[in-house]
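So the structure is just underneath, and the comments pick up after that.
Note that the chains take the letters A, B, C and D in the order they are written out, and that residue 1 is the start of every chain.
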Amino acid sequence: MLQPINVSLESLNLITLAPMLIVIAGALIILILDLINNKLHKSLYVMLTLLILFVDFGAVLGLNVNERGFFDVMLIDGISIISQLMIIVGSMIFIPLALTSRRFHEYSYPEFFALFLFMIAGFQFMVTSDNLILIFVGIETASLALYTLIALHNRSNSYEAAVKYFTMGALAAAFYAMGSAVIYGLTGSIELYKVAEVMATRINETGLMIAIFGSSVLLLVAFSFKLSLFPFHTWAPDVYEGASAPLAGFMSVVPKIAAFVVSIRIFGMYIDLGVEWVRIIILVMAVLTMTLANIMALVQEDVKRMLAYSSISHAGFIMAALALDTTEGTTAIFLYYALFMFTNLGAFSMLWISRHKNRRFDARYDHPYEKFAGFIQIMPVGAVIMGLFMLSLAGVPPFSVFWGKIYVMQAAVNAGYVWLAIVMGLNSAIAAYYYLKLIVYMFLMDPVKDVDTIYYNLSKPLMAVIGLATLATVTAIFYVQPLISYLYYMISASGY
Amino acid sequence: MMENLVYIALFAPFAGSLFSALFGMSPKQTFVGIVASSLLFISFAASATLAYHVYSTGAAVHVTMMEWISAGDLTIPFGFLVDQVSVTMMTVVTLVSTVVHIYSIGYMDHDKSFNRFFSYLSAFVFSMMILVMSDNFAGLFIGWEGVGVCSWLLIGFWYHKADQPREENPSISPSWAANEAFIVNRIADLGMLVGLFIIYWNVGSLQYDVVFAAVPELSGSVLNAAALALFIGAMGKSAQFPLHTWLTDAMEGPTPVSALIHAATMVTAGVFLVIRANPIFSATPEVSFFIAALGTFVALFAASMALVNRDLKRIIAFSTLSQLGYMFAAAGLGAYWIALFHLAAHAFFKALLFLGAGNVMHAMDGELDIFKMGGLKKAMNWTYIYMGVASLALAGIPVFAGFFSKDAIIETAFNEGTYVLWAILVLTAGMTAFYSFRQVFLTFHGKARYDESTLHPHEMYKFVLIAMSPLALLAVIAGFFMGGFQTFVTKLLPDYVMSDHTHHLIWVLTAVVLVFAVGGIWLAYKKYANGLKRDEELENSFIYKLLANQYYIPQFYEEFITKPYAMLSEHMWKDVDMKIVDATVDGIAKFLYKSGDGTRKMQTGNLSNYLNWMALGSVLLLVVAAISAMLS
Amino acid sequence: MIGLSHYLIVSALIFSIGLMGVLRRRNLLMLFFATEVMLNAVNIAFAAISHYYNDLTGQMFAFFIIAIAASEVAVGLGLLIVLYKKYGSLDLDDLASMKG
Amino acid sequence: MDNILSVLVFFPAIAGLLGFVVNKDSARAYGITVAAIEFFLSLWLWLSFDSSNAGMQFVELIPLIPDMGIGYYVGVDGISLFIILMATLMTLIGMMSMTITKNIKNMIITLLFLEMTMIGVFVALDAIIFYLFWELSLVPMLYIIGAWGGPLRVYASVKFFLYTFTGSLIMLVGMLFMAYVYHNLTGVWSFAITDWYSLVLPVNYQLWLFAAFFFGFAIKVPMFPFHTWLPYAHGQAPTIGSVILAAVLLKMGTYGFVRFSLPMFPDASVMMITPIAILAIIMIIYTAMVAYAQKDIKQVIAYSSVSHMGIIMLGIFAMNAEGISGSVFQMLSHGIVSGALFMLVGVIYDRRHTKLMSEFGGLASVMPKYAVIFGIMLMASVGLPLTIGFVGEFLVLLGFYQVSPIMTILAGTSIIIGAIYMLAVYKKTFFGPVTNEANKTLKDLDSKETWSLIPLVLIVIWLGVYPKPVLEPIDNSVKAMVSFMHEKAITQEAKDMIKVAKTDKGGF
């Protein structure tokens, strides 16, 4: 006997969709505005985007923890809220960077902002669902928008970067889909909580183990790609180099937060199920990633590429926290990114202000180290700020990343992985070298003669963003405590 | 009242030193010398008064100025003890110092660093006073090191002289000799420190009274170790074999310095230490015998080198070494008061000898080779008399001071039944007489062997000669106070009297020694009184060369210690530190950097490679997962 | 009787073929086709499993994949056009200005 | 003024920030004034310090990250008090004697920040705050060496930074593990050192933790074989950098051993006596030999620093109040003396722009005042009684004798080989005839140099003759610490080895 379909609006709990809807609506508004008048200045779009993000932020804050909605595909738990907040804050720092003193191609298109908002919506979908379909849709929405944003930078390198990212992303998507198919085949479900239930009952079957094997490896490949873990990181340096500096900074934080959330959901599930080798391969990858990315960063000649490798290494660092699968470990992931976000975006913004239309220092690179030689003499405050960012990235206390670092290491120690903490420590030491290299260039070398100013792109909004990042970097010690307690509360509330 | 005198005796030289130091960088000011000397005289007067006080009351004066170091359970005060032993030393030191100070006013007349010299010299006296007056081992060590530094400063007083090859100047240069003295002394000081540590950890204090009171409760091994360690300290200061080389090189310093430091006072500090710590040494017969044996050996060993040396000051230095050997022999055999007496008597006549040598040097324009002197009797009559008296005393001719003290030591050796030591000491007495008079004759008798057309020797200033007279007087008469001295110091030191058997033989023993001594003088007279006859064959003989080159010990040290040390240091730096330790560190860094270069090759920029990496990565993941699944 | 496993094997084979294509092809366009092939292999699997479980979720997933594949192609082809304008070639090996 | 420690820590930092506003020409005067005020503040700290109290004084505690147990927790006891005083003094004197004119403003600001980190390290009672200042101190020093150093400055500064940084990261893991253990045993998160003291750990934990802390401290000390950064750093650093580095930064390592390793891991410390003593003896003898082989005066003093730090290490592991108090005193003594020696080398370098001994000779004739002060410092360096150098060295050797006579004798060779290389320097530089024409016209110390060196000379003699005002508070705290260690030790060997002083008044 067929039941008539009866969907009550209340059960849909549409409020859970509100944040994404706001962003998507905002994107559409931008497109419509452009249709009406295509002579509008980018500053309008920047501010509009900021406002939309602001509203989005408010909507996310208004969500209740641990709710489901929209046919139960939406999952609003603690990590989804904090990750959305972080995504939005990251975006809000990123967007004003469009207001440079020089005109850059991509920002003159309103589509840039619309695409950006679509991308945010995609990320938000990724983190607010445990349905593999919705996650997939989110990933792809965000990724496709991101490919386009990279390409919009309108340089041959950006096209190359976009194509590389796109092609590898497509392959990763195929892996993801195949992994989902395996899970679906195993359990008959694509809702992670149901998948977990089914798996838990059949965990001892040999056939199931092999299938878990396959699915986890396939999914791991897909997410390792997103998180740029070794050996799936190869796209990252090239794409970061090809993308504009702020976008590279953005990419090293926000998409990774989203990917981490999904990874926590999927791989945390596996580890919870007692599939120990998932933890082991994640640990192996994490260690390899932080180490190899570090030693590759050592030999870079370009600051941006160095920062790219550095953010790969940081991702490896955090991936190790994921493998711990403790509340502290998960808190560490978010804490780390929350702190890393400001510093890293700040560092990339510093590159952005020194961006020229053409390469003046090196035929190959936009930001070779030589460009920053004697920066202290050219722009003392800028040099000090960049120095602070570098020290923070290197994990020198009391700057922000240090607190993330010790939290991750403490989590590792608490979980019984003292060796991991030592590996992290040694890696931080290796990493210190390349951050120091920039400091050495900035503070201890003399400027390259006959090349004009390097703070080409500076404007008030950029100064504001950098100032904010600096403030957040330096005063971390004072807000770490509320941050930790908030994150810890949210994460433990959602059961991780 | 007496406390104040203690402080006056102690700090008057210090005041003199500081006063002179004020003018240290200015040109010569005669009054600096006069002030310093006066202050020294005040110190001497205070010491003498104290001596009289101690003599008349028989009680020691003990003052504690303040606490110095206090850590853990260790407490070291600045405490000063004036008892029979220290007051003897104080009197001797201040007396000789006063004479030497006055002497120096004349001797250093033409030196542009006149003021600086007095500053150093008075500082030395101050350190020496601390050394002898301290009531604890740590305080003694302060003085011990203090005299070491002053000795370093004074040996290297003419620091501007350049290094010369060893063949031209066996001491190379004043600064070299100064460093040698300091470093060799430091070797011994380590022993001394260890002695202090042993005492502290077994007694819990470094105060003499506490330590000596605790001696009966200490085990033999501890006492032996402590005694040995302390004696090693004494060996350095008193230049006993094998740490003796610095003393002859120390003759690079101005002659008053040699007289004061390297003859009369500092070098006897080792003997003083043994006497001071006699309760420990009395309780350790083995170590004491070792001290006696080593002392006897050094007496002979040094005397043998003096036989052939041509350097006026070095001969006296060897003789000092030899006499120190005598003192150690006495102290080692338990005759502490005799050792102390010889110390005092030796201080007088040896200082006199040195000052006389200084006069000669002054007259001869710095020449020291006795083969290039001769016939100075005419020009320097007073000096001749002084040096003659001193040499007679040194040779142990009756009536003179040395006769009483040295004879007593030789008798002690006999009395203890150590006939070998006795024989050696007697032989040495003969050698002593020979080399002393060889020197006197070669210097003052015969014809002049220098170029009389350019060099006109002249007598020293009158006031200098007068200043030397107390020493001369004491060199003659000191022996007569032996009995009184014995009763005085044996209130504190263990008495030592000859057995009846020895007592019966005393005339025979004295006669034997005298025969050797007179024989030595006679031999010297025969050979040298009428001028120098070089004996090529003898001078080329192995023994002669061996002795002239100090048994090749300095060369041995240089070849087997100094040079290897320098070479080893060089290797340590260039091969170990740079090529191993540092290279390892840099190697790790380079390895990481190189592996970065290697790893970045995977970043070809070619998309196809990247995709392959992804595929390969997934395979690798499968493999790792499979391995870990199988292992778990 | 053709059962689930046959479909799955076919799906796996096609997926592998697609993967090989991605790895071996030098032309970007062919590369995109290869990824489409892989996605379609997944679609087969989803459809078959969906049928096996008698559950619509799999087919729904397949539809989403189709849609996503379509949009991917749209974006991808757009990129390729710009790229071709810039480089005049779609050969992978020409695309290596950034490395190290 | 109970919060004097916070004032001491942050005053230079704030002054440094304000320093950006000060005109370049007045920067030096500004720096000296600030350093002088800071020095007087630290003197005030000493005056208001209660010498009879062995425990922590002027304690301030502000929780910063309670969830992790991290708080701003500072205090001083006898052990840290004088190192703080020395830090402020050497900064002041270093600034007074500074001859740098290039980028003087940056230098002053950097020095003021450095001063904050130095004081911070010594007042911190929270491990993370300690670590924070510890790491932060690297940055200004990196800049000082790198910006004003010699030809190899970049290499030297980066090596200095990375080497120390690596060690301290391992130490950080140790700290985190310690906090974890503390949490496991008490259920509370805390990084407070005083809380950690109360923790009685099983021996194997102690050993691992000891090892972790060891890396951090040993590289800083620097102990053999981790010492090779030091000669480069000293060799390349400007005078002021060397002065601060030798006087204060190296002491952080040895201070760390006293503050952390001993009271927290008494059993492990006792077990590690022999290995550490062997390393210390290698340091003493080997680096003294290496120092002898040097051609550059500054390198000699740099290596001599390592050798002297060996003495300090040895004393710390004597496990009795004599040795440890001696060590702490020796830290001060080495700070003053090596600081002064580096300043003296700076004097000659300013005149001749070379530090090679072969370039000199006979300077005593040309620069008598300089020679006198150098001579005094030399004698203090070789540990002459009645100079500051003797007290510490004597106590250390005395203390360690109880542990091992043989090793004490080996270590005691430092008084011999120390004399060898120092006297060799003195002879080559100051003695002999003036052979080099360029040296004949050298000017003696000017008033600026004289007046920066005279206070050090006075301290060297004052504390050599009358160390009590300094030694007594140190000793009180050390004695209390030793008896605390004795009580806390769980193995019998450790209890036997740790000797409680009979005169201990307690109060740790």
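Everything below uses one rule, namely that a contact is a pair of C-beta atoms (placed from the backbone, for glycine too) under 8 Å apart; a residue touches a chain by one contact, two chains touch by 3 or more.
Worth saying up front: this structure is predicted, and the values here are computed from it rather than measured.
Ranked by separation of Cα centres from chain B, the top chain is C. Of all chains present, the one whose mean CA position sits nearest the global mean of protein CA atoms is D.
By number of C-beta pairs in contact, B-D leads over the other of A-D and B-D. With centres set at the average Cα position, the gap from chain C to chain D is 65 Å.
Between chain A and chain D, the centres computed from C-alpha atoms are 44 Å apart. Chain geometry summary: the mean Cα position of chain B and that of chain D are 36 Å apart. The distance from the centre of chain A to the centre of chain C, each centre being the mean of the chain's C-alpha atoms, comes to 26 Å. Residue positions 162 of chain D are each in touch with at least two other chains. Looking at chain C, residues 19, 22, 31, 95, 97-100 sit in touch with two or more other chains.
Multi-chain contact residues of chain B (touching two or more other chains): 589, 600, 603, 605, 607, 611.
Chain pairs recorded as touching, per the definition above, are A-B, A-C, A-D, B-C, B-D. Of all residues in chain B, only 589, 592-593, 595-597, 599-600, 602-603, 605, 607, 609-611, 613-614, 616-618, 620-622, 624-626, 628-629, 632 touch chain A in the complex they form.
Residue ranges on chain C touching chain A, taken from their complex, read 8, 11, 15, 18-19, 22, 28, 31-32, 35, 38-39, 41-42, 45-46, 49-50, 53, 55, 57-58, 60-61, 64-65, 68, 71-72, 75-76, 78-80, 82-83, 86-87, 95, 97-100.
Of all the residues in chain B, the ones that touch chain D in their complex are 24-25, 66-74, 138, 141-142, 145-146, 149, 156, 159-163, 173, 175-176, 179, 182-183, 186-187, 189-190, 193-194, 196-198, 200-201, 565-566, 568-570, 572-574, 576-577, 581-582, 584-585, 589. Of all the residues in chain A, the ones that touch chain B in their complex are 163-164, 167-168, 171-172, 175, 209, 213, 216-218, 220-221, 224-225, 230-232, 234-235, 237-238, 276-278, 280-281, 284-285, 292, 295-300, 430, 433.
The residues of chain D lying in touch with chain A in their complex are 64-68, 106, 128, 131-132, 135-136, 138-139, 142-143, 146-147, 153-154, 157-158, 161-162, 165-166, 169-170, 172-173, 176-177, 179-180, 183.
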